[in-house]
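So that we are looking at the same thing, I have put the structure below in structure tokens.
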Amino acid sequence: MTELMENYNGFLVPAISFIQGYYAYLFLLALFTIGLYAMMMKRNLMKKIMGMSFIQSATIMFWIVAAYKEDATVTVYHQPLGLENPDLYLNPLPHTLMLTAIVVAVVTLGLSFALIVAIYRRYQTLDEPLLLERMQ
Amino acid sequence: MATLELPPRGDVTAPVHQTVNKAGDPVAGAYFIQNAYRDAATPNMVTVILADYRSWDTLGEVVVVFAGGMACYFILRRRES
Amino acid sequence: MTPTRVDACHIEGMKSQTDSPIIHVCARGLAPVILIIGLYVFFHGHYSPGGGFQGGVLLAASFLLLRMTLGTQISQLVMPSRLTITLSAIGALIFAGTGLVAIFAGGNFLDYGFLPVPWFDPAYLRNYAILFIELGVTLTVMATLVSIYDDLLEA
Amino acid sequence: MNEIVTYTSPIPLLAVLVSLAAVPLIYASSNRPNLREFWTLAAAFIKFPLVLSLLPDAFAGRVAEWTMLEISPGIALQFRADSMGLFFALVASGLWILTCFYSIGYVRGANEKKQTRYFASFAVCLSATIGIAFSANLLTFLIFYEILSIATYPLVIHKEDREAMRSGRQYLTYALTAGVVLIAAIGLTYHLAGTMDFKAGGLLAGLDLDANTAKVLFMLFLAGVGVKAGIMPLQSWLPAAMVAPTPVSALLHAVAVVKSGVFGVIRVVGFVFGPELMHTAGLHLILATFAGVTILLASLIALKQDDLKARLAYSTVGHLSYIILGVALITPEGFTGGLLHLSNHATTKIALFFCAGAIYVNLHKTKISQLDGIGRVMPWTMAAFTVGAMGLSGIPPINAFVSKWFLCRGALQADQMIILGIFIVSGLLNAAYFFPIVHRAFFRKGGSDLDHHGEASPLMVVPICIVAALSILLGLQPNLLFNFFDLASGITESIFYPASTLVGLGGTP
Amino acid sequence: MHWLIEFTLFTVMIVAALVALGLRNLLAAVVTLNIFSFMVASTMVSLGAIDVAFTEAVVGAGAVGVFNIVAILLTSRKSLD
Amino acid sequence: MNTLQLPILIIIAFLFGALLIPLLGYFARRLGYITALIATALSLFFSISGLMHVLSEGRISYHLAGWMPPFGIELILDPLSAFMCVLITGITFVVLIFSGRMVEHETPDKTISYYTLTMLLLAGLCGMVLTGDLFNLYVFLEIAALAGYALVAIGDKRAPVAAFRYLTLGTVGAAFYLLGVAFIFISTGSLNMGDVFKVLPLLEDSRAVIVGLTLIVLGIGLKMALFPMHAWMPDAYAYASSAATALLAPIGTKVAAYVLFRVMFYMVDPDFLRHDLHIAQIVGYLGAIGVLWGSILAICQKELKLMLAYSSVAQVGYIAVGIGLASPLGFIGAILHALNHACMKACLFFVSGSLRFKVGHSSITDMNNSLRKTMPWTSAAFVLAAISMIGLPPTAGFFSKWYLALGAIEQSNWIFLGVLLVSTLLNAAYFFKVIERMYLKPQPRVAAPSEEPSEDPVQELTDTTHVNRNEAPASILLPTLTLSLSLLVLGLANAWIVTHLILPMIPDWL
């Protein structure tokens, strides 16, 4: 029993705190990789766009995770909390930046849809092998 | 693996959350929290940063939106009306 | 793969009015509500989450709803296609113009403290200036999203 | 004996620019051949006196200099008419006048296309050559060297047929590769020495260079300038480039371009490395090996050629290496001999090429085996050919004998019996490949097709005779006209005895 | 144990992403993509970024969803992979 | 107006141009072009006066919205960015004059949106150049990128596919960049480049920073078409319309390269760059491979625009080599090459555009010596630009290579030296191929049906001297000639440029 406790203290606690601290980064890394994989390997242009949006989401989430503080509240001024202690509020800067980044991402997606429509109009397909064949 | 050198999630002692950085200069995030309401009489700090402190970014964002619209217009419209 | 008849039907279907009365009625009822929510989000951006961009997307959503259900022809009356690009340029001009006014008033670009509106103290001047430029953001985002939709259907 | 004084004078610049200025005029009057050729002649007649006017100053130890603009921080586009440059410029610009007349006769006689482009390129080439001669530092040298490479290209491909294009490609490949290697060499020199100005006695002389570095650097330089000088593994462009019209072969591929390469070698040996460094690092042996092998192989190959111009081309390859071998001896006599051979070979070889061109225009013959009996049809031309052949074989009254004599003395001075042997053997080989032609021309009976032909047009024959006469005159009295001999010995002196740093006022020490 | 909720959301997010990529019917994939987008927004709420979450929700469900569907209807609904 | 406002004026001239064109174009289509010209001319004026101001009185740090740098966004007008702005606006001005007729010819019903996108592209590029804030750079990068994707998408039939590839890769690049900025931001707590420069030395050997920088370089490398990430570029440039290519090719990649400069030499601690981190060297070696690879692929191309696009891959490699040298000479070489290459590439794409305008195609295999008769000036401009691309003195192209070569020698980096020299030969191989065809290849026996019909086909077969002159119109020809002559001027004036413009930008520590 004591052995188990020692084991718990010596290994599990650090492990759990490690997971608690870094799981978000690791998930996002995975998401980023999934996105890259989709963009490189998927043959349908629509799927490529999905991969692109995964990459963008992963990047955006990365910033948001970085802005998180334990035991802090949202970024709206709350009278009782006052303004003196910045640790009471989340960091608003990454939030702002990501707002912009999301907009950029949306517009990029919109443009890519426009391109897809233009491509389909010319080649009647969105699958890359067929597309390359018809481009010759 | 590089993520291991980043501060863990929710770490209050991360450089981003300090009031001064290692070189002794003020850090933007803490300044915004402390002064946003004072500077623009607006409780939502994100709005203040978005539209005042970093309004140039937001103008850029608006221009991106405009550019996106213009780009779709350029690509898809057959003829300008 | 040549365009099948099904695809052609889709395109036609998206441009014309929907046949289903339920969708018709729901959309007609929902669109103004979304519009109001959009306006609320835009105006309430100072105090809660929201602001120009989100408001603009909601406004655009209401117009898009109309376009999807009522067809492109009728919804032109609400938001004409040829105005969209102009509107989005005007929105961006409102934003950039505010900045330019600040330059002419002797400040740096976008420095709202220098705007020539004498009867506000600086903090409130900034407050209202923020609202004003958010108006530009809203216009641009709304108009652009509608414009992109129109362009996609134009094809 | 007085110190060298430099003074600012725009004459070197003008000498470079005058033919360049003729280019737009030539293009502007492309529809009126007479006016166009007048511009060419005018440029030639202005250029030569300009160069000549610098000569007295050079003998007085005054060197004209003109700094145009800074072309890279600390390095200027600078012209300096020192005696070495003047020597080369005199040869090139002097022979240009004759070539001008000859060209006019040739292109009209052969009914060449694109005459405007031909004359324009020619003028640019001359500018570049004079620029090479007068450049005061390595970068200026490089610039004009590359301009020369490019400007010659249109002349090589003049015929625009498949063979011409192939030769043009080959020529460009060699020339550009050389230029590239030269860039590396010059950059390295600049890095090592911190300067690029040519200095009699070597700009690297006082640097205490590591022998291996010096060898690598020298090999780079050799590859760079050696291509134009036709040193043996790099020579194959030269025979190929003989598809160009004959005046081009004559002036450019016997004088201007190839001599620029040789001039470059001399600059490198005498003004970049200096005799001392050449000795201590053993560089002269490398140079001598290459040059010696080239002389023998080129002469042997020339023996086998049936095409007249190809034979002349290989003979050129061999004779260029004569000059280089003389320089490689690093003895005053050898150096003087090399320099003299630079000018002497120019006059004799140009005579030979002129003859080949005249034969082609007049009789449309290019093969040696077809030349039976033409001595009777074209006596003046073939007489001049004989003079040139005698000169290059080293037979006394002709000027090339003088330089060969000095070269041999140089070999003796350096105690290099092998080199002496090379000179003698190759002299015999020269005779072996030239005299059969003379023999065919005068002592064999020609075919009936020669009956209706006479001598070539006077525009061609007169220049031929003038060059031939010049060869003889210079052989009898090397110091006649332009004091080539004094100039050469002055240069030698300035390189080998840099302490006195002066140009001799006539006469060896 | 607040972070366990986030952990779950993240897991669903990744699963939704993988499913969206795997579906051959693009319309179904788009719906899955909306789930993904909703998960992202929820995670953002959980991390306290309400402004961003709002935007992501509006955009993911509204603009991008509409565009996605329009684009698919205008082109082809099937995908090779 | 106050000279201290210059940095912002450079950008907003374009910005207002972009916003006004759709409004004014509503009234008269011609107004769009005129507005674009005026905006560019204004911006050029502001850039030049900015450059003069910077050289005489030092850098300007412009605080947008009046907030101090860590809080607000900072624009930096120092010699480097001012130089870049002059380059961008100057080249664009020439390109706009050129594209007046081209756009009318190629996309006649889309001129308004074309010029709007042009202005947006330039606003984005100038914003990228001037900004001192890492995130702001991302925003402007996206503006420029979006406009770029759209401009590429119209042209050849294959253009949308090329644009789509450009878009996906460009977006990935931007995402990489943003992720890298996140790493830097999280480690240092600041987005301002000056702040980051101060803090980075204090973070000893932080792997997060290294990863962040690597990601940034990766992202920018994608935008810049650095060697393994160049896949989008050739197609995008080759299939876009001539006017768009002429606009994008000279400056698009240069600005990305400039960002690399900023990040490498102005944001990162010098010791970091030299010893701990081999990013600069890696960039240099990638560039070196790109030089060879791009040149070799360019030799294989049969279409002039495609060949030029591949040669751009190679030329970007030179700039990367200059960065990799991380020495003053490398710096000079890279910046000078950015300038030279912008002029050369613009000129060459002008030529390919004029060919398409007049002949209808720019296929190398179909070229023949009728070109030197029909379009003598255009051909001459091509030859001059080609000579400069090959890098023969006294044209501009030689000198950038010269400085790079000197830099390589100084550092005893023989690989770089070898690459530089070999690439000269490769360049010569593909450019002389074109020149040879342009001037020497005889016309085909049977006149191609696409050529303009001649009155007497028999005569055309037998006699090539009677081809009528059919030169491009003056508004296309003049910019081409101006640029080709400017190559000579730039070559001869390079010492002046180096001492007066480039030397002041080299950071002290280099």
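Order as written gives the chain letters A, B, C, D, E and F; numbering starts at 1 within each chain.
Operating definition for what follows: a residue touches a chain if its C-beta (ideal position, glycine included) is under 8 Å from a C-beta of that chain, and two chains touch if they have at least 3 such contacts.
This one's a predicted model, so the numbers in the text were calculated from it and none came from an experiment.
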In terms of mean CA position, the chain most removed from subunit B is D
A-F compared against A-E, more contacting pairs: A-E
In whole angstrom, the CA-centroid distance of subunit C from subunit E equals 23
Starting from the mean Cα coordinates of subunit C and subunit D, work out the distance between those two points in Å. 78
For subunit B and subunit C, let me know how many angstrom lie between their CA-based centres, rounded off. 21
Could you give the separation in Å between the centres of subunit C and subunit F, each centre being the mean of its C-alpha atoms? 35
Find every residue in subunit C that makes contact with two or more other chains and list them. 1, 47-49, 51, 53, 85, 89, 92, 96, 99, 109-110, 112, 141, 144-145, 148, 151-152, 155
So which stretches of subunit F touch two or more other chains? 15, 19, 22, 64-65, 135, 139, 142, 146, 149-150, 153, 160, 163, 185-186, 191
Got the subunit D residues that touch at least 2 other chains? none
Which of the residues in subunit E come into contact with subunit C in the complex? 50-51, 53-55, 58-59, 62-63, 66-67, 70-71, 73-76
Touching subunit A in the complex, subunit B uses residues 3-4, 6, 8-12, 14, 16-17, 19, 28-30, 32-38, 43-46, 49-50, 54, 57-58, 60-61, 64-65, 67-68, 71-72, 75-76
Please output the residues of subunit F touching subunit B within their complex, sorted ascending. 15, 18-19, 22, 25, 29, 64-65, 67, 70-73, 109-114, 116-117, 120, 123-124, 127, 135-136, 139-140, 142-143, 146-147, 149-151, 153-154, 160, 163, 183, 185-191, 195, 198-199, 202-203, 206-208, 210-211
Touching residues on subunit C, where the partner in the complex is subunit B: 45-49, 51-53, 81-82, 84-85, 88-89, 91-92, 95-96, 99, 109-110, 112, 123-124, 126-127, 129-130, 133-134, 136-137, 140-141, 143-145, 147-148, 151-152, 154-155
What part of subunit C is in contact with subunit A in the complex they form? 1-3, 47-49, 53, 141, 144-145, 148, 151-152, 155
